[in-house]
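Below is one structure. I have some questions about it.
Just so it is clear, A, B, C, D and E label the chains in written order, and each chain counts residues from 1 on its own.
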Amino acid sequence: MVYSDDGFGRYDELEAAIAAPGETWVHAAGIEPDELQALEDRLGIHPLAVDDVVDDQTRPKTAEYETHTFVLLKTVSLSQRDEVALQKEIQTHSVGFFIGEGWLVTMSTTDIDVVDQSAPQWARNERRVADRGTDFLAYRLMDAIVDDYFDVLDEIEDDIEAVEERVLDEPEPRILEDLNDVRRDLLAFRKVAWPAREAISSLSRGDIPEVADENEKYFRDVYDHLVQVVDLIETYRDLTGGSRDIYLNAVSQSTNDVMKTLTVVATIFIPLTFVAGIYGMNFAETPLAMPELYWTYGYPATMLGMGAVAGLMLVYFRRQDWI
Amino acid sequence: MVYSDDGFGRYDELEAAIAAPGETWVHAAGIEPDELQALEDRLGIHPLAVDDVVDDQTRPKTAEYETHTFVLLKTVSLSQRDEVALQKEIQTHSVGFFIGEGWLVTMSTTDIDVVDQSAPQWARNERRVADRGTDFLAYRLMDAIVDDYFDVLDEIEDDIEAVEERVLDEPEPRILEDLNDVRRDLLAFRKVAWPAREAISSLSRGDIPEVADENEKYFRDVYDHLVQVVDLIETYRDLTGGSRDIYLNAVSQSTNDVMKTLTVVATIFIPLTFVAGIYGMNFAETPLAMPELYWTYGYPATMLGMGAVAGLMLVYFRRQDWI
Amino acid sequence: MVYSDDGFGRYDELEAAIAAPGETWVHAAGIEPDELQALEDRLGIHPLAVDDVVDDQTRPKTAEYETHTFVLLKTVSLSQRDEVALQKEIQTHSVGFFIGEGWLVTMSTTDIDVVDQSAPQWARNERRVADRGTDFLAYRLMDAIVDDYFDVLDEIEDDIEAVEERVLDEPEPRILEDLNDVRRDLLAFRKVAWPAREAISSLSRGDIPEVADENEKYFRDVYDHLVQVVDLIETYRDLTGGSRDIYLNAVSQSTNDVMKTLTVVATIFIPLTFVAGIYGMNFAETPLAMPELYWTYGYPATMLGMGAVAGLMLVYFRRQDWI
Amino acid sequence: MVYSDDGFGRYDELEAAIAAPGETWVHAAGIEPDELQALEDRLGIHPLAVDDVVDDQTRPKTAEYETHTFVLLKTVSLSQRDEVALQKEIQTHSVGFFIGEGWLVTMSTTDIDVVDQSAPQWARNERRVADRGTDFLAYRLMDAIVDDYFDVLDEIEDDIEAVEERVLDEPEPRILEDLNDVRRDLLAFRKVAWPAREAISSLSRGDIPEVADENEKYFRDVYDHLVQVVDLIETYRDLTGGSRDIYLNAVSQSTNDVMKTLTVVATIFIPLTFVAGIYGMNFAETPLAMPELYWTYGYPATMLGMGAVAGLMLVYFRRQDWI
Amino acid sequence: MVYSDDGFGRYDELEAAIAAPGETWVHAAGIEPDELQALEDRLGIHPLAVDDVVDDQTRPKTAEYETHTFVLLKTVSLSQRDEVALQKEIQTHSVGFFIGEGWLVTMSTTDIDVVDQSAPQWARNERRVADRGTDFLAYRLMDAIVDDYFDVLDEIEDDIEAVEERVLDEPEPRILEDLNDVRRDLLAFRKVAWPAREAISSLSRGDIPEVADENEKYFRDVYDHLVQVVDLIETYRDLTGGSRDIYLNAVSQSTNDVMKTLTVVATIFIPLTFVAGIYGMNFAETPLAMPELYWTYGYPATMLGMGAVAGLMLVYFRRQDWI
C-alpha cells in the first residue's frame, strides 16, 4: 500500500511513488524477497533492520542509519489462551518504521489493525496530514499503537478485578494460577513497553534529524503515555501481589476456622464421653464403687453435671471468639 | 477569574487583562473551546498542554514552550469510597500552570480549593504579591497544593494506625483488605508525588527562564517538601508491610492456640477414656480377667490412677507452656 | 551564647561580637523574632532557612546563600516510648549551621547536648580552635553530632540482640511488634542519616567557598562516618528480617510440635479404645459372638495385643522422629 | 588451527601465517607455554589476558591493549548433574578474542563447538568472509556463541514448564529443590550474560579502533540479543517464584483438606459416640435413670435422633463448602 | 620492617631507609606515637589517615594526599565464634597503604599473614620486584589480600552446602539460626568487599599519579577479582534464601504429614468406635431394640461391616495419596 502526495496506490507503483515529489508513505504488510531488494537499493534500508521486523523476538528500539531512522514498535493484543475465560495471552506483532527525508516505510509481517484503519482516514484529509511531514505520519501511527496499549491494560485490570472478587467470594487454588497468568502477561507487556519507552524517548530528544523540531513535542506526548503504561504495569503487578496475600490468608483462615470447629466439638464431647465411659465400667457393686449408679438422682445429677461442663466450655469458647 | 495589577475581574476581561501592564494571573476552571482558542492565539498556549490538563491520566510534569513554561501538578484528596469508614480513595485533579513573562494562567477542570482560597487572600495584599512576579504567584499556589499532600498523608497515617490497633485488638480477615486499600492509595499517591518532584526539581535548578533567580529557593523549598512526601509514602508502605506480618502471624498464632486447646483436652481424656473402655469390656469373670473389678478398692484406685495420669499430663503441658 | 576571639559572652553582645575581628561563633538555642531580624539584617540569614531549623520535619540538607552556606543536621536520641523497656522512639532535633566568612551561627529550638558540651571545652584552648577557621568549628560540632549517631546505633543493636535472644528463648507474639518498633526506628533514623550524608558530601567536595581546602578532608571524614551509619542501618534492617523469620518459624514449629503430641496420643489410643469398645458390645452369647470373652486367657491376650499395637506405633513414631 | 588469506593450516605455520598478508584468524584450543611466548612476542598479547582465558572464574569483559582489543566471552551449556532428569548444571567455557589489525586470535582451554563448526563453513566461502575484516570474523563467532544462549534458555524454559506441570499435578517436596536448581542455573547464567552484555556494548559504541564503523551495527545486534537474554533470565526467575508460591500453597491447601476431612468425620461421630456412651452407662433401673432404655421405641428414636444430628451437621458442612 | 633497595632491615633504620636511593617499602605493624610523628614529618602522612587504619570500623577507601595516595583495605578471615562448628564470625583487619613516589608504607594494628609471608619471598628476588616500582609492590600485597577473600568465600560456600544437606536430611529449627549466621557473615563481608571494589577501581582508572600507566592493568585485575567477590556474595545470599524456603517448607510438610497420620487413624477408628458404642448400649430387649445382638451371625456381620468401612476409607485415603 502506497500513500503519497498523489493519493493511495498499490504496491507496483513503489518505484514511481518514491520518486514522486512530496511526502510518501509506503506500508508493506508481509514482505517478499525481491521487493526487499528494491527497498534496500532504492532507500538504503538495511537487511538487519528488516530482520528485526521479521523476527518476533526483537525488542522495540530506535536505530539510526545513514539515510533514515529505524524505529521498531510492537502492537499488543490479548487473545484467549483457551476456552476458559481468564487464560489470556499477550500477542505482539512487530511494526517497523523507516523514517527518511520525505518518505516513510512501515513494515509488518501481518496486517496491523491500527495501520489499516489509519490509511483511509488520512486519505480523506490528505493534504493536511501530508503537509506536516512523514515524521508526523509516523507519530500518528505510533500514537495509535500506544493508545491500544491502554485498551489492553484496561482488559488486564478487569481481569485483576475479576480475580480479586473471586478471592473474596470463593477462594480456590485456581486463583493462584490465574494470578500467575496475569503476572506473566504483565511481564510480557513490560518487555514490550519498557524498551518502547526508550525508543520513543530518543525520538523526542531532538537527536534524530528526521524528526522536525516542531514535531518533537508529539513524540514527547507518546513518551509520556509510555511512561504511564510502564507505571500502570508496575502498579498492577503490585496489586496481584496484594491479591495473592489475601488469597493465601484466606486459606490460612479457612484452616483456622476448620480447626476451631473441630476443637470446639471435640473439646466439649471428649470429656463428656469419658464421664459416660466411667459409668459404663463394670465394677462390681462394692460400697466404694460408684454408689451414684444406684441413687435415684444419680442419673439426672450426672446429666446436669455434663450439661454444666458443656455450658462452661461454650462460654469459654464464646469468650475466645471461637464460636 | 482574572487577577491582575488592577485587581480581580471576571473572565470577559481576559483580553484586556493580558494586555494590561504589570503581572497578570488568570485562573480558568472549566475551559470552553472558544476561550481556549483565545488563549492559544494570544499567549501561545499549546493545545497538547491543555489536553494534558483535561486528561486526568497525565502525570505531573514540566515542559518548556516558546512563550512560557508549562507545569502540571495534581491536587490530592481522600474521599470515602463508600459508607464503610476505611475504604477511602485517592482523588486527584490536574492543575496546569502556564508561567509566562508577566503573566500566569492556571487551568483546571473543576474548582480547586487551594486556588479559590488563595485568590481573596492575595486580593487583600495585592501589591506585595504582585511585585514579586508571576513565578512567585505560581510558587504560592504550588506550595499550597503540596501542603495539602501532608494533610492527606496525615489522614493515611491515621488510617494505618487505626488498622494497626485493630490488628492487635481483633485480627479479622477484613484487615488485609483494608491494608491493601491503603497500599493502593499509597501507590496512587506515589504516582502523583514522584513525577511532581521531578517537575518541581527542574523549576528549582535555574534552567527555566521564567523563574527569577531570587525565587528559585522557593521552588527548592517545594522540592524539599515533595522529597519528604515521597519518603513518607515509602515509609508508610513499609509500615503496612509490618502490619500485614503482624496480622498474618496473629492468624498462625490463633491456629496455634486452638490446636493447643484441642491437644491438651484430647491428650488428657483420650487415654482416660480408653481406660474406662477397658473396664467396660464384658469379659466373663475368670481369674485372669480384670480381678480389680471385684476388689473393694478397685474403683477408687482406678480413679486415682486416672487422676494421676491427668495430673502428670497437666504438669507436662504447663512446662511446655501450652496452658 | 557567643564565642568569639574575645572569648565567650552572652547574647546581648551579638552585634558587637559579629563586628569584632577574628572568628566568631554564635549559638542560638530557642530563637526569638526580634533577634531573628537582627541576624537577617546583619548576616543575611534567610527566613526560609530559619524556618527549616524550626520545622522539625525538614530533612538535613546543604544550601548555599549569598553570604553563607546553610547546613541542617539533626541530632538523634532514643527515648523510652513508655514504661515497657523496649518501646523506644527516635527523637530528632534540628541544628542549623550558618557558615559565613569569619562567622558561624548555629541554631536550634532546644538545648543540644553536644553543642553545650563543646563550648566550655573550646573555651579552654581557645586560640587553637579559632585559628583553624569557623569551618573547622562547624566540623567539630558536626562530628560530635554524627558520633552520637553511633551511640544510638549501638543502643538499637543491643535492642535487636535482646529481641533475638527472646526469639530463641520464649517466642511470643509481642516480639513481632517489638521488631516492628525497631524497624520503625531504623526507618526514622535512615530518614535522617541518608540526607545528612548528601549534605556533608557537598561540603567535602570543594564546592563550598566557606570550607577551606585544607579542612575538606575533615568533612570527608564525617562523610565516611555517615556512609557507615547508613550501612549499619541497612544491616540492622536485614537482621530484624532474619529475627522475624526465626520467630515466625518458631510459631510454625510450635504448631508442629503440638500436632505431633496430639497425633501420637490420639493415634495410639483411638484404635485401642475401639478394641475396648468391641469387647464392651452386648452381643448375646452365641458361638460366633466373641468367644474370647469367655476364655481364661482372653483378657490377658487382648491386653497384650493392645500393648503390642501401642508398642509398634511408638516404634513407628520414634522412627518418624515425632517423639 | 590457522585460518588466513591462504586458507586453513596447522599450528606450526603460526609465524608464517601472521606474517602473511591479508586477514589472519588463529584459533588456539589448549595453549602450551612456548606457543604462548610466541604469541606474546609476535602480537603483544598480554599474559594477564591469557590468564583470564585459562581461569574459568573470570567474568566476560572487554579490555583494550596497545596492539589489540581483548574480549572474553563464555559459552554456556547445560549438562546433566546426575542421572535424575532435572538436575542440570550450567557449564561455561571461556573463549578469548584478541582482535588486532588484520589478525584475530581466539583462544580456549577446550574444543568449542561453535568455533569448530564455523571454520569449515568459512573455508568454503573464504574470500567473502575475509574481505569484511577480522572484526567481522569475531562478530560471526560471538554471534554463534550468543545464539547458543537461546538454546540453553529454551532448555531451561522447558524445565520450568515441566516443574510447573508437576506443581499442579502432584506437589511434592522435591519440587522446591528442583526450582532451587533452576534458580541456581539462572543465577549462574546471569553471571555470564550480564557482563557479556557490557563487554559487547563497548564494541558497538565505536570506542574500539579495531572494529570498523560499518561493522558496529553487527555488534549492536549481538548486544540486542544479550539484552534479550538478560531479560528472559529475569522473567524466568520471576516465573520460578510464581511456581514456588503455587507449590507452597498446594501444601497449605492439602493441610487444609486433610483437616477438613478429619473435622467432618470427628465432628459427626464424636457427639454420636457420646450419646451411645450415655446409653451404655450402667445406672441402676430407677424411675429417673434413662427410662427410654425400656421403651419399645426408645432405640429407634435414639437412632433417628442420631441420624438427624448427623444429617444436620452434613448440611452445615456442605454449606461451609467443606464437603 | 623496612624493605629497600639495600634489602631488609629493622625499624630503627627508617630515616636512613627513606633517605636511601631507589624504592623503599616500610611495613609498620603496631604503630607507636613517636614513630608516627616521624612518618608524618618525613613523608607527609596525615594523622586522619592513620586514624582510619587504627579504627577498625573504617570502610576500605582510596584518598589522595599531596605527597601520596592512601588506600585502606581489609583482610578477612573466619574465626570460630564458639565451640559449635558452624558459628563462625568474620574477622577483619585494616591494612593501610601509603603509596608515594619511590616509597610505600603499609600499616596495620596486628601482624597480617599475607604481608609477613610476602616479605621473605621478595627478599629472594629483590631486584626484580623493586624495579617495577612501589605501586607494583602495593599491587602484589593487595592481590594477596583479595586472593584470601576467595578462600573465605570457599569456606562460606562449604558452610552453606553443609546447611543445605542438613535441610534435606534432618530439618531442625537450629538451621534457620545457622542460615542467619551465614547471612550475617555475608553482610559483614559485603561491607568490606563493596567499598574495596570502589577503592581499587579508582587505582585502575589512571587518576592516581603514583600508579604507573603500565601497572594499571594489574589493579584492573584486582578490581575484576573484587567484582567477582561481590557477585559471589550476592549469589550466596540468594542461595541461603533458597535453603530457608526449603527448610520452612519442610516444617509445613512435616505438619502436613503429621496431620495426615492423625486424620487417617482418627477417621477410620472414630466411626467404628461409634458403632461399637451403639452395640454397647443397654437398651432393654424389646423387638425394635438391636435384634442383631441376638442373631447368630450378628457379631460376624457387624465385624465384617466395620472391616468394609475401614477398607473403603483406606482405598479413599490411598486415592487421596495420604497413605
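The criterion applied here is as follows: contacts are C-beta pairs under 8 Å (C-beta built on N, C-alpha and C of every residue); 3 or more make two chains touch, one makes a residue touch a chain.
Not measured: the values here are computed from a predicted model.
In terms of the stated touch criterion, chain C and chain E have no partners in common.
Mean C-alpha positions place chain C and chain D at a centre distance of 39 Å.
Note on chain placement: the centre of chain A and the centre of chain D lie 24 Å apart, centres being C-alpha means. Counting partner chains per residue, chain C shows two or more touched chains at residues 252, 255, 259, 262, 266, 270, 273, 277, 280-282.
The touch graph of the protein chains shown is a ring with every node of degree two. The sequence of chains round the contact ring, opened at chain D and continued through chain E, runs D, E, C, B, A. Across the interface of their complex, chain D is touched by residues 46, 48, 52, 57-59, 61, 63, 170, 173, 176-177, 180, 183-184, 187-188, 191, 244, 247-248, 251-252, 254-255, 258-259, 261-262, 265-266, 269-270, 272-273, 276-277, 279-282, 293-300, 302 of chain A. Residues 168, 217-218, 220-221, 224, 227-228, 231, 235, 238-239, 242-243, 245-246, 249-250, 252-253, 255-256, 259-260, 262-263, 266-267, 270-271, 273-274, 277-278, 280-284, 286-290, 321-322 of chain A touch chain B in their complex.
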